[in-house]
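For reference, the structure is listed below as structure tokens.
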Amino acid sequence: MTDSRFYLKRDALSLSDVCALISVPVPEGANKDQLFTAIHTLKEGNAAEIALFHNPKYREDAEHTRVGICLTTDAFASYVGAQLENGTCQTIVLVHPEPYRAYALLVRAFFPEPILKPSIHPTAVIAQTATIGEGCVIGAYVVIGERAVIGAYTKIDSHTVIHDDVCIGCNGRIASHVTISHSLIGDRVLIKPGTCIGQQGFGFHMDEKGHFDVPQVGIVEIGYDVQIGSNVCIDRASLGKTKIGNGVRIDNLVQIAHNVYIGDQSVLVAQVGVAGSTHLGNFVIVAGQVGIAGHLTIGNGVKVAAQSGIMRDVVDGMTVAGSPAVPVQDWRMQTVALQRLVKGRKNGK
Amino acid sequence: MTDSRFYLKRDALSLSDVCALISVPVPEGANKDQLFTAIHTLKEGNAAEIALFHNPKYREDAEHTRVGICLTTDAFASYVGAQLENGTCQTIVLVHPEPYRAYALLVRAFFPEPILKPSIHPTAVIAQTATIGEGCVIGAYVVIGERAVIGAYTKIDSHTVIHDDVCIGCNGRIASHVTISHSLIGDRVLIKPGTCIGQQGFGFHMDEKGHFDVPQVGIVEIGYDVQIGSNVCIDRASLGKTKIGNGVRIDNLVQIAHNVYIGDQSVLVAQVGVAGSTHLGNFVIVAGQVGIAGHLTIGNGVKVAAQSGIMRDVVDGMTVAGSPAVPVQDWRMQTVALQRLVKGRKNGK
Amino acid sequence: MTDSRFYLKRDALSLSDVCALISVPVPEGANKDQLFTAIHTLKEGNAAEIALFHNPKYREDAEHTRVGICLTTDAFASYVGAQLENGTCQTIVLVHPEPYRAYALLVRAFFPEPILKPSIHPTAVIAQTATIGEGCVIGAYVVIGERAVIGAYTKIDSHTVIHDDVCIGCNGRIASHVTISHSLIGDRVLIKPGTCIGQQGFGFHMDEKGHFDVPQVGIVEIGYDVQIGSNVCIDRASLGKTKIGNGVRIDNLVQIAHNVYIGDQSVLVAQVGVAGSTHLGNFVIVAGQVGIAGHLTIGNGVKVAAQSGIMRDVVDGMTVAGSPAVPVQDWRMQTVALQRLVKGRKNGK
């Protein structure tokens, strides 16, 4: 089901290859040499294909599936093929404690990453004082400023602009139409197209005589193994650093204001906005369209439900929801209470 | 009132031209040769100009208008000029069942679309294996990758990047600074500047040892007659397709995650976000800043009020509002109930 | 604490320099020749550095600060160094009625803006009929269309596209990857990277036979001293003007639809969306992620809390909150009432 125009794909994996890749034993009685040719969905996959079942929403698809291998958890294994006619389920069920991770390993095996062919496009404008590491791929019309440093094996797609003095680590993947200034970026950072990093933040003395700007003289510092979506904005600090920790994942259209700190491994889903000087701990998960006010401290391991609006500090480990955000169980009760008010009214009370 | 620098404008239309264009009879007693020179607003237009009145918010402007022609519906016709001194209303009222459509026809007549002069800017970097249809306009610094196909009479503005193997249909209009990869795009598709289509989605196994990426090996498929706003993000599928149906309209800053399906003729207003694998039916209308969670099914003809947050499936034809979204009448009652609670408190109850 | 790679910094200012810059007297008994070398935070600054204290959230930092100078207000002055051991506070407290403005003056003094060196990059594609004022800096791969006018001393960073007939005033600062069409822009306007201005708005007759476009034949007019963030979208008018008044500040990822009017000095924080034909007065402050429906009038001096959704006109001077937005005091009472409902339920009532 993958469009062969866009991806190089391995022809097939044997059952023993599959089991070795995901570190599970070949099921008893199964033919270890049986070949599987692709990854597909529970619903549409056939007997030569492999599918993932880790979200209970797809139970019905799992019950009727005809895929050759189903990766799933112990808890879901009994649903696989359960609604097929007795004895017609041919699916090999591979149980794994982290089936989504196992799935990722198989996708990687079917679609090996193409090897970079180092090249610098003749139209790239690279300052003489810039340093380009070995093995880099620099696309058409890329602009790289004075004294900028691009680490080895980093790929910068066409049209991206790296301003003076920016440092980018090794093995980076920077897409097209990205603008980066005033930033220090670690190794293995992936940035999707259209993203802007390091521009001056929204800082001024508000005044009826005319707003009065505060020069923004800080930087952005991004750790290693970070991924940043498309059309994201990360403003540089007014003083000091806006900091994105190691392993952070930022989805599309997210706004990170000046002096924000995002702790290691935190995840920000699409359209989230974090206002200035707010500090998020490690392993924080912020669902889509959440807004977080400025100058707050959000603890380690906090989870924030979609569309929440956080106006106060949140302690470690809490899950919050709503606008203004409250502990998630209170938010559920608010929702129920509101519905009861309405029901009362519907019944003429 | 139109700045002649930016638009080519026809000098005038006669009353009979106007009536013919919108398929209504010339009103009895009117001079079919009377000339009208422009489109304007009810408030500011003069006796040689034409205005639209289809939104009741502008009733007061309609009552005092001095425009030459007012396009409106049967229901609103009696308001036109109603507050002018007796007998001074000179406005010709043209009643049309779809006055906004009629208005569009007249604007099109006054501002004929300029004819494309086929050209490929010498700075465009076009791979030798790419195919550019006849009559295309390719702007400065455009980059077109290997084996990409651009249909006839498509215009690609300066600085847009079309990656390897992308196909774009005929009569497309792609603005500046657009990035497109891993996509198949139909005929007559308009994409506004800064939009990113086909980048990898937000897919990884979340893990405290370090998030673990799932390669995103699907594509984006866009139907015909689609319009996509500025700084929009449409991620490619993790497997299979992210699909945008025929005639869909997507406003600025919208987020479409991997494997989303948007049915034909649906409309997504600015800053909407649709999470992964959610399926919207045909003729769905989603107002601004709405968030829709992942793996949901939103039926045909559903309407979603602005800023709603949808967390469950919605059946065909329903109108929903609120966060979490509920049927719109329930949401209205919730709003009233909340206001009553507050009123009670204000009165010391 | 400032990364010297990215900024030119003055070595030091004497106490008398500092006091002169912000128009306060040198405190009695202080050494007017004492040198201060940098700006820093209350928490991390040392005896040779200057910090700002104007947000009560940082009171604890102020009480323990060891900075050389603290800029603050009369009301906060007594906190500075209050928790240090008796007699060990060496901080010179400079009281100012607008300490953030005073701070801005000092940052400007330490970081003088670099002087532009006029230049036009050889790769810029500038139409022969375009006019470039004296002293401009035009970056690599900039595209400037026919008859466009760029005022004196304006800087346009690499990769920005200025379409035909656009006028930009003097002393502008236009960052990379900006797209501007159909616009007239005043003096001293700053636009951050990735922003799109002047593209056609979201205007069509909705129709089950297929949506029917209304040509968008208006412009965008932007006053002077305006600042516009990254990845912002400002659509041109369908007819007439989308207008951004003088001194307006627009943060990242904001959506301004066609025919919107933003009055002078108004402030729109990140991810705000304003729907078509809505009119904001002067000095309106709209916090992050607010949505404002179309065809509304928002009065002068209105303040809107973050994430609010405005569905009705708002009179001058009001502060509103919530979705749908209500007067802020009502919104606070709604919030409290909801919490009481939940508390009642928790207690088994």
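We call the chains A, B and C, going by the order they appear; numbering starts again at 1 in every chain.
To be clear about the criterion, a residue touches a chain if its C-beta (ideal position, glycine included) is under 8 Å from a C-beta of that chain, and two chains touch if they have at least 3 such contacts.
Since the model is a prediction, treat every value here as computed from it, not as a measurement.
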Steps needed, at fewest, to go from chain A to chain C via touching chains: 1
Same or different contact residues where chain B meets its copy chain A, judged by the half mark: different
Distance between the centres, which are taken as Cα means, of chain B and chain A, whole angstrom: 28
Overlap residues in chain B, where contacts from two or more other chains coincide: 141, 159, 177, 194, 231, 253, 271, 289, 323, 338, 341
Chain C residues within the chain A interface of the complex: 1-3, 5-7, 9, 39-41, 55, 57, 98, 100-101, 103-104, 107-108, 110-111, 113, 121, 123, 139-141, 157-159, 175-177, 192-194, 225, 227, 229-231, 247, 249, 251-253, 265, 267, 269-271, 283, 285, 288-289, 306-307, 323, 335, 338-339, 341-342, 345-346
Residue numbers on chain C that touch chain B, as the complex places them: 125, 141, 143, 147, 159, 161, 163-165, 177, 179, 182, 184, 194-196, 199-200, 202, 204-208, 210-215, 217-219, 231, 233, 235, 239-240, 253, 255, 257, 271, 273, 275, 289, 291, 293, 295, 309, 311, 323-324, 326, 330, 333-334, 336-338, 341
